[in-house]
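Shared between the two complexes below is chain A, which has chain B as its partner in the first and chain C in the second.
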Partner chain A sequence: MLITYIIRRILWSVPFLFVVSLIAFALIQAPPGDYLTTFAATLAQSGDVVDQERLELLRERYGLDQPFIVQYWKWISGVLVGDFGISFEWQQPVSNLIWERMALSVTLATSTLLFTWAVAFPIGVYSAVKKYTLGDYVITAVGFIGLAMPSFLVALVLMYIAVVFFGTDVSGLFSEEFEKAPWSLAKIGDLLSHLWLPVVILGLGSTASLTRIMRANLLDELHKPYVTTARAKGLSELRLILKYPVRMALNPFVSTLGWAFPQLISGAVITAFVLSLPTSGPLLLQALLAQDMYLAGAFILLLCCLSVVGMLVSDILLAVIDPRIRYR
Partner chain B sequence: MSGNADSPAGMPNVPAGSGQEPRPVLEVRNLVTEFATRRGVFRAVDDVTLSLYPGRTLCVVGESGSGKSVTARSILQIVDPPGRVASGQVLLHRHLTARGRGAENTVDLVSLDPRSSAIRAIRGRDVAMIFQEPMSSLSPVHRIGDQVGEVIRLHEHVSKREARDRTIELLRKVEIPRPEVAIDRYPFEYSGGMRQRAVIAMALACNPAVLIADEPTTALDVTIQAEILALIRQLQRDSDMAVMFITHDMGVVAEIADDIAVMRFGKMVERGDVFSIFEKPQHDYTRHLLNAVRELDRPSERRLAMRAKASPGAPILVMSDMRKEFPFSTGFLGLKHDSIVAVEDASLALKAGENLGIVGESGSGKTTLGRCLQRVHPVTSGRILYTDRHGKTIDLAPLTDNQLKEPWRDIRMVFQDPFSSLNPRMTVGQIIGEPLLVNGSLSGAGLRARVAELLGLVGLPASAAERYPHAFSGGQRQRISIARAIAPDPRIIIADEASSALDVSLRTQILDLMLDLQERLDLSFIFISHDIAVIRYFCDRIAVMHRGRIVETGDTETVCSNPQHAYTQSLLSAVPVADPRRRGMTHRFRYREP
Partner chain C sequence: MSVVADPHIDPNADPRAIAGEDSASQWRLIWGSFRRHRLAMTGAVVVIAFYLVALFTEFLAPFDPDAPSSRDVYHPPQMIHLFDTNADGSWAFRPHVNGMKLSRDRFTLKTTFSPDPDKKIYLTLFGDGTPYKMWGLIPMEKRLIAAVTPGERFYLLGADRLGRDMLSRIIAGTRVSMSIGLAGVAVSLLLGLVLGGVSGYYGGWVDTGVQRLIELKLSLPTIPIWLGLSAALPQDWAPLTRYFAITLILSLVGWTELARVVRGRFLALRTEDFVVAARLDGGSKARVIFRHMMPSMVSHIIASVSLAIPVMIIAETSLSFLGLGLLPPTISWGVLLKEAQNVRSIAQAPWLFAPGIAVCAAVLALNFLGDGLRDAADPYAQEGR
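This part shows the complex of A and B:
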């Protein structure tokens, strides 16, 4: 049952991804002009004159004069075999540029998600079980502050504190000596020592909202008849709450995975600028501004894939924890 | 047995050893349970005293809000906060249970901390509970075997293997088919009756000395109710359990009780053995309860008088070969389509000024039939001919929503749940006036006058218009629903289980109100219900539904006294009669589809 469910879900995501790639490509093409007009404008700004013939030649070479659908086909057929094209701006294959940044983005998002869950879950349960006590009020107050503060502001404040009071450099994900170094255990260690700050900053808002979600879900479940039934069996309070209502309250919690993951990746752009993180956000923004079509397209397509994968994982997890879903 | 063994009010203080008299295994003495609310302390259970004897069933009867459920929960100290047992004693004489070794061992459950391991060791082991809702009293995401076996693993040190074997044995005992497969199923794969069996198995897992059953059959169909009652009875006989059975249904009481305790407003008003309560009730309230039940067991005299004056006229709503299918998607990618048949080629006719009852168990398609008749559901095939007040006959089946505006003014609906069928954010005046406002027929002062008139018709003060539904009780809310239904001066009312959510004493009031309105406003009723007694009281003719088919139609009295179809016979035989000397359910038989 579960296997068919998973296969069915995966099969459904194929046409979905196709449509997503089409829309992504259309969106990149939507602004007037193309990379070369932007390129010419930049050159003109700095006083250079671009001769039209060269532009036309380039346009032909990049295939920018062809109809939309042909361009899309060229791009997508390349993507299917792993060739994302050449970045106009950087003049190197897109895949050289994005993989490391994507990997760092995903690492950051995953750690943030794990952090968020690890913190929000126990606090949410506590806050629901001890409703309207001092502890609940404190958590609620802190939670609302966390929700209301934009993460880049938190980033600035924490950076200030770290630099002024502790004299440490907290920007970026690597120390200088490791920045260009090849991957090694020492580099990973360095990454981990830098990772915690962006994780806390990025996770703060979603931790606060997940705590509220957990609390609200659990409050709905705590007085359901099956809880009373379990109590009448003689189960101890802690075991009872963890086994029955928390398990039920977990459903919406797990479905947050679907939206939290892509949100963490795309929502981190400002924070990434502030903390100068070598993640995908800043590069994507630059590529979009320059109409660097293949680079931007690759990023957007990968982000969409991540969303789809996130949804898929959350759906599968839901089916694992809730049998009613997989039998339907 | 010695001479005074028959006295059920046996003395609890007889020393052990000489015990020929029945001695209670659980005694509740002067129990008080309070709920702290903003408006002060509310006593849900007020000075209740009762005793449970091995092998005997005590039925606690009362209407909603009488404190019977809270009493049951107070015994095990599982009242939801802010409820709290304030005083009294709950004495469990463990030495009298099968597990006891004879040495005096009495525990006062009230003195134990509700979270202590001492009381947890008693819950589920010495005293077990069954709850009302078989749908929600099992966790939907844990396997049946897990939830039943948990009790065994909790109270007895047995291996997983052994617990599983015992669980299978338990499921077999409660007559769940193929227990070795059923143990690994989830509750949603069980039917309502099967779930309640599983809950019973869970309660019986550790051979409790006392079983507390809180309305265990209320949510079930009568035929399943009969089976569950027989099962509890038989299990009680096997293990000499004391049973405390909470119910509001006097028919069930008459069927299974040895002793009865009547509760009202948290107080116990009367107790005694089943025959003395049924035959010589002392308290006014007990008499009132019994009368309400007995009244429902025969046709309303009011109705018979009305029909003698004017017999029903020509048919105004005729349904012929109506069929309703619900399509759904299936297959690996959800691309195939299939459908389930909810109503299968049904034909019915409602005459002017007549009450037509549709009876059937849950899932029989009676509600769907009602909704198709009003044409809120589109129908798959067949015709619904409606003759309007000018004598013009139209077929409702093919009409669009726009064309249905006119007939919808004439055919109105009253729903089952008086709590969820009224918008809590609208005043009663807005609720009742809405159909008129939508019609555009009245507004402003004219509308207010009409609302006041309608409130008067259903027996509510005109001042009710300013208030919100939450300020009214269940019975009053149902009156509001009726006022809303009659607002546009309709000709046909379809009442879908309109009296089912109400207490017995309120049921007759609502039914009488509808008869009263019928006489004054020239209405015809289609009354959908699972309750034969209510149909017998209210309806002139009856249609019996089973699995989407109408199996039998005829005059109510003829069908009730001389049912032709085997299903009708089985349905009638499962209805408990409110007379302890006519315990008939043991003679019931199950209907098997040919």
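This part shows the complex of A and C:
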């Protein structure tokens, strides 16, 4: 039963991925003019000789004088074997530029999600069990502010505090000596020591909303008869709460992977820009501003795919945890 | 029961007996339960204040938001002092700000402002300022706060890198930022009503299709798509055209939540007795929808709308902050925050953060208002609070 559900769900995401790739390609196509004109202009600007023959070759390769469908086909069949086209601004294949940044983006989003879970779970439970106490009010107030403040503002304020009061620069993901260094254990350690700040900034909003959801769900469960029964039978309060109502209220946690993951990826673009992190966001923005569309399209495609896959994983996990979903 | 003389006093009286005399409409019930929600009432007051500011921008701003002043680059904020000492030492009510003196370091050329004890700028309410056109139509000179001596400049929230008054700019930004929220929500409401309504009313494959569309939309990260769409807008469009294009882009991504609410209500209402009765009575589809189903959905829709506006405001702010939303000379909170993008300028002029406070206050107030409306609109949510 579970297997068929998983297979059905995976099959469902295939048309999704197809539509996503169409959207990404439509965005590549959207700016006026074709990229070869841009390319020729960039080349001319940097003083290179514009080689007409090379331009013709490129035109041929990307099918630029042909209809949308043909161009899309040429692009997507390249993408499937890892060829994302070339970046006009950087004068090199897009695939050289994106993977390290995408890996850092995934690391950032995943650690933020783990952080969100680790923080929101105990706080949400506490807030529900101790409803209308001082602690609950403080949590609610902080939560509302966390929801109302866009993450880039939080990042700016923290950067300001760090510079003015502590005299340090908190931007970036690596210390200077590691920035260009090849990957090593020491570099990973350095990454971890820088990662926490963006994680906290980025996770604030989703932590706040997840705490609210946990609190509301647990409050619904706490007054159900089975809780009273368990209590009447003499189960200790802590075990009682963790074992039954919390177990019931846990579903939204797993499903956050579905809705919070896209939001995290999306919020990370701006926060990463403010903190100048070497993730996909800043490069995507730069590519969009320079109309370097193959590069931008590759990022948009990959970020979208990432969140579609996140949704898929969350649905499967939900079905594993909650049998009711499998049989629907 | 029959011995009771006054049904208004007796708590055991049959409610049906008094229904004719004292029945409250749905709106009065909602208002009644909304009024008890203190946070939501505060939110409502703040939201109304923001929209009033948006409405009377020109009058409330002390200066023209675009007027630069080369001598007041990064002028720090000045406090209003209400009382002034006369020559003989007595006090008098004369609101003023203390003047600032500009000095330039001889070697680093760094400019610093220091208080100038000899200079006071007296302020008055409803004084004459630089002339302007109210709503672009009526020529006026009165401003809410103005210097007594015409031409003198004062900076209650500091000045930016061109010496433009931040307070005036934030007030001008209020109009754009608050209205783009409204306009964006209006368009997404239309999309949400049509798609959600069709989906909920017809069910079947139409419903499945719309549901898949919503799922697809929810599984995509919004900001990269927003960025991609707005990067495609030509840079040389007029500010107004760009404003509408950005509104459209925001609402294209924001309609799903509204569609979900509408669909959910349609599904729930479709099988209600009064709707079935109306249908069996031979009411046309339009009549069933608009006469019978709409009234019980409106309150929910209003609540979701007020929760959708802050999302739009944050989205506009983010886009403009990144330089892909509204562009100068248009003034919005996001455009203003763009000035606070690098650490150097905010370390020198922390008051550039002020638009951020406006964003947070507006979003928070709208969220409280929306939460309160949602609770008040849902008669079954009473015991939870």
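The definition used in the following text is that the second predicted complex is superposed on the first by the 295 of 328 C-alpha atoms of A that agree within 3 Å, B and C clash if a C-alpha of one lies under 4 Å from a C-alpha of the other, contacts with A are read in each partner's own complex, and residues count from 1 in each chain.
The working rule: a residue touches a chain if its C-beta (ideal position, glycine included) is under 8 Å from a C-beta of that chain, and two chains touch if they have at least 3 such contacts.
Quick caveat, the model's predicted, so the values are computed rather than measured.
**Student:** For A:L284 in the superposed arrangement: first (chain B), second (chain C), both or neither?
**Tutor:** In the superposition, A:L284 contacts chain C only.
**Student:** Any idea whether chain B or chain C touches more of chain A?
**Tutor:** Partner with more touched residues of chain A: C.
**Student:** On the A-aligned overlay, A:A230 touches which partner chain: chain B = first, chain C = second, or both, or neither?
**Tutor:** First partner only, chain B.
**Student:** Thinking of the overlay built on chain A, is A:L17 touched by chain B (first), by chain C (second), by both, or by neither?
**Tutor:** Touch status of A:L17: no partner.
**Student:** May I ask you to decide whether A:I270 touches chain B, chain C, both, or neither, giving the answer as first, second, both or neither?
**Tutor:** second
**Student:** For A:F299, is the partner it touches chain B (first), chain C (second), both, or none of the two (neither)?
**Tutor:** It touches chain C, and chain B stays clear.
**Student:** When the two structures are overlaid on chain A, which partner does A:P323 contact: first (chain B), second (chain C), both, or neither?
**Tutor:** Touch partner of A:P323: chain B, not chain C.
**Student:** Looking at the overlay, does A:R8 come into contact with chain B only (first), chain C only (second), both, or neither?
**Tutor:** first
**Student:** In the overlay, answer first, second, both or neither for which of chain B and chain C A:V308 touches.
**Tutor:** The second partner, chain C, only.
**Student:** Which residues of chain B touch chain A once you look at their complex with the stated criterion?
**Tutor:** So the residues of chain B in touch with chain A come to 73, 76, 78, 80, 115, 117, 120-125, 128-129, 131-133, 136-142, 150-151, 154-155, 186, 188-189, 199, 202, 332-333.
**Student:** Quick check: in the complex, which residue numbers of chain A touch chain B?
**Tutor:** Those residues of chain A that touch chain B are 4, 8, 11-12, 223-226, 228-237, 243-244, 247-248, 321-324, 327.
**Student:** If you look only at chain C, which of its residues touch chain A in the complex?
**Tutor:** Touching chain A from chain C are residues 215-216, 218-225, 227-229, 231-232, 234, 310, 314, 317-318, 321-324, 337, 340-341, 343, 346-347, 350, 353, 356, 359-360, 363-364, 367-368, 384.
**Student:** Applying the document's contact rule, which stretches of chain A touch chain C when the two form their complex?
**Tutor:** 16, 19-20, 23-24, 27, 30-32, 144-145, 147-150, 152-153, 156-157, 159-160, 163-164, 169, 171, 219, 258-259, 262-263, 265-267, 269-270, 273-274, 284-285, 288-289, 291, 296, 299-300, 303-304, 306-308, 310-311
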